[in-house]
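Here it is, the structure, as structure tokens.
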Amino acid sequence: MPRQDKPVRTDIGWSDAGSITLFGKDFPSEILGTLNLGDMGFLELTARVPNARESRMFNAMVVTLVEHGITPSALVARLTYLGAPESLQGAVAAGLSGLGTVFVGSIEGSARMLAEAMPTPERQADMTPLAEGIVAAFQSPPRPIPGIGHPVHKPIDPRTLRLFQIARETGFDGPYLRLIQSVSEAAARRSGKQLPVNATGAIGALCCEMGFDWKICRGLGVMARAVGLVGHILEESRRPMATEIWQSIEARATEHFREPGSSSGPSE
Amino acid sequence: MPRQDKPVRTDIGWSDAGSITLFGKDFPSEILGTLNLGDMGFLELTARVPNARESRMFNAMVVTLVEHGITPSALVARLTYLGAPESLQGAVAAGLSGLGTVFVGSIEGSARMLAEAMPTPERQADMTPLAEGIVAAFQSPPRPIPGIGHPVHKPIDPRTLRLFQIARETGFDGPYLRLIQSVSEAAARRSGKQLPVNATGAIGALCCEMGFDWKICRGLGVMARAVGLVGHILEESRRPMATEIWQSIEARATEHFREPGSSSGPSE
Amino acid sequence: MPRQDKPVRTDIGWSDAGSITLFGKDFPSEILGTLNLGDMGFLELTARVPNARESRMFNAMVVTLVEHGITPSALVARLTYLGAPESLQGAVAAGLSGLGTVFVGSIEGSARMLAEAMPTPERQADMTPLAEGIVAAFQSPPRPIPGIGHPVHKPIDPRTLRLFQIARETGFDGPYLRLIQSVSEAAARRSGKQLPVNATGAIGALCCEMGFDWKICRGLGVMARAVGLVGHILEESRRPMATEIWQSIEARATEHFREPGSSSGPSE
Amino acid sequence: MPRQDKPVRTDIGWSDAGSITLFGKDFPSEILGTLNLGDMGFLELTARVPNARESRMFNAMVVTLVEHGITPSALVARLTYLGAPESLQGAVAAGLSGLGTVFVGSIEGSARMLAEAMPTPERQADMTPLAEGIVAAFQSPPRPIPGIGHPVHKPIDPRTLRLFQIARETGFDGPYLRLIQSVSEAAARRSGKQLPVNATGAIGALCCEMGFDWKICRGLGVMARAVGLVGHILEESRRPMATEIWQSIEARATEHFREPGSSSGPSE
């Protein structure tokens, strides 16, 4: 008896000779020329076209995540491009592979933390006890609170300031923004350190305001960073740094093996 | 004698405690809340903010590439997510890895073909002989002309029609668009088949109109598809198809090994 | 004040004009022609050359993980190769990206489970209560026990049988093998189902016998599967299935959109 | 009319409840405990078990490619692991993504060069004119000859010396080894420089001796390097360098932006 196929189904879209339908819209006439790239990301996540307020807020969220300068993921893309310049997609893919729990994953972490503390948005909630409960939970065992604190941007992360301003202008300054702000304050009180809401924390809270499942929030960082990595590969193609990174790190890391005065060098 | 470091340099940006500068702009005040995600891609590729015409055209180009339904790259992202649901970035990275010469690479192929045939845009050029030269070059040995022809969208690709319309509205309907249209016509004359300018061909020509180096044109497809793959992973998390794909293909591919009536199945 | 570099150091190896040293050995004379590829993996994980017993056992462990036929990761490699045949490394990389918590990660899961239950090997330990404690821990909330049970290989996984036999022949049939066997029995008693030690469970236990940190055990699966994926790409290049996978799944997944009798099809 | 499935087929293997068959062999009894990991790679590439000579030669070829110290691909794996330590497979996948035309691809390049110059092995051929033809072809336009020359290992690559010795011992010192040696000599005569056959050149020639299609030769490097990258991730987990790489390169690359005396730093 042959195996019976089980149903597989996509609701994203399909096409025939003359038409292309995506999320129930006629792609050429209703999407193309109307939506920008961020709107398209919103459409992928919600299956509907954003209104003007949503478009402005969502685009600001993803734009924040595009470019963070010389990050590990940018270095990875550049070093990969050195070995496989014919495969731009491979360099971007390699760069994205490190967007895990440590860096971009903190969007997901903060969205999850907020959504679990307040499963539905409550405008009237008293945020202070909720925030103190969150901070206490991250004390045992002591772990960094996702979205809180920044090694450089102190006492305030200028991106958070601006994202919160746009949230006020677009009506997304709801209870999750107040909650993460309270978490930042509670954490600072407890530790005596400056612990601002950082950009990924602000975006995690805004994901909650927009109703996104925390499980997909890392996706905002992934889609955004793909844009930025293309820029790094373009700069690398014009002003390369990968060979020098490789050779200078190789020299530093193997110096203990070498006789003083010897000459040698890296080889792939 | 220790190794002397050579200079490494990025001009993309940097930050300190209170400021973030990208491409010479103050990121929070001049970019965030002002540019959309597609504009940010334009900024990465040109180091300048697009004007309104450029913004509309560039966003249309990348939006075209976000979502093509159940493609090999979408299947790859879904099958990867099945094994590593904790690593959304890995599923997107895997999906992007196949955007090589066969599919999205045709943007690069058509941009290169046009840029090599007409290194600087010439509004007065007679496109017919240029186009016939291109088509002839792809005859020996016979190869597909990048950006020309489509297995489904015939006699016309509806995305091309719309992209060309937006190009007219924004002033990007220049000589490269006329040249690829002529290539399509010359190829159809020679082969007797319907060979429309497809979406990647239109985008390759528009990349030339915008002055992008052909070497980076594949990057438009890569940044766009990252957005779409996040949508596929979201759908996969809600309505999975990866296990059924695996098991039904496994059954079909190993049927020749099996005794009629035997029961067995796939195992990872 | 310029930034002070901090030390970076590798102990893996280095080379100069006439010599190559890896893990303290002269590579050409002491490794090349002497060690096989599995031995080289052992050397990478332990910084020493395996003896004959270790070589046999470790090679059997990784050989078990090379080839599992038409798996999700093999499908991913094949579908990626379809779009980027010029980038064999990208197809393998994509295929490896799905070796996460669900499939190959169960090596890590079972090694961790055993190492946490018995941090140092105790030949005299009574395994039954230890095993029952493990099984109980996986009841609340109910989760699959890593390395236990198999959808196809019942009542016994033939790879486990053979790995345990080789373990006896090489002296690696120690307390961790007894413990995982006890876990299998305890789980079967509690559930009334056949729950054999599967191949990844056997390998997780053998990793404990060899003293590997559980954090690196997934690495055995990753190095092994890279070998197998090259074989799938070779077969794909000679007898392709990727286009048919794509088109048949696309047809099934979009059937609900189509009018009866319409003709259409997939397009990238 | 519904779409008709086309056949898909694998000949690699399949399994049922009690048996696992790979390449026509009973996996538990005929492969496991008998073949080493390199033999398994040979089996994947040829669908047959290597004899003792083939096993020794093939294992030496892949062992040569496992570990080259601090290479770009090792740096990529380490930098990726920094951001996603939960995803070892993603770090290896990222590291493999750069094994393109520039580094490991030269195996493929040299195998192709030799196979095209001498499509079937001719023991009696006069290698000098063949070699001079090859060298001349790489003069216009001038390009590096794949597998010839090395930045560090001069005047001879010690791995080549050893691989050629093993080839003599195993009977693989055939016409392709003589041809690449002649290419090295012809290139040195023409340029006046030391241009030894490097390790990837030796392996490319040995791939021809073994009858491998040049299109799959990059696969030897990919399977081997996966083994080495696991070792780098293990070392990174114990003695990390990724954060220092990131921060020192960031400081060097953005120094031109900074005021003397300012303090700032990297942020992801």
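By written order: A, B, C and D. Residues from 1 in each chain.
To be clear about the criterion, a residue touches a chain if its C-beta (ideal position, glycine included) is under 8 Å from a C-beta of that chain, and two chains touch if they have at least 3 such contacts.
Because the structure is predicted, anything quoted here is derived from the model rather than measured.
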Required steps from subunit B to subunit D (each step between touching chains, minimum)
1
Comparing C-D against B-C, which pair counts more contacting C-beta pairs?
C-D
When the centre of a chain is set as the mean of its C-alpha atoms, what distance in Å lies between subunit A and subunit C?
29
Cα-centroid distance, subunit B relative to subunit C, in whole angstrom
34
Gap in Å, rounded to a whole number, between the CA centres of subunit D and subunit C
22
Show the residues in subunit A shared as contacts by 2 or more other chains, in ascending order.
5, 7-10, 14-17, 69-70, 84, 86-87, 89-90, 93-94, 97-100, 104, 152-153, 241, 245, 249, 253-254, 264-265, 267
Residue ranges of subunit A in contact with subunit D within the complex
68-73, 75-76, 79-87, 90-91, 93-95, 97-105, 150-153, 241-242, 245-246, 249-250, 253-254, 264-268
Would you mind writing out the residues of subunit A in touch with subunit C in their complex?
5, 7-10, 14-17, 21, 84, 86-87, 89-90, 93-94, 97, 249, 252-254, 256-258, 262-265, 267
Quick check: in the complex, which residue numbers of subunit D touch subunit C?
1-3, 5-20, 22, 27-29, 31-33, 35-41, 43-45, 55-56, 59-60, 62-64, 66-67, 69-70, 87-90, 92-94, 96-100, 104, 152-154, 156, 158-159, 161-163, 165-166, 213, 215-216, 218-224, 226-228, 230-235, 237, 239, 241, 244-245, 247-248, 251, 255, 261
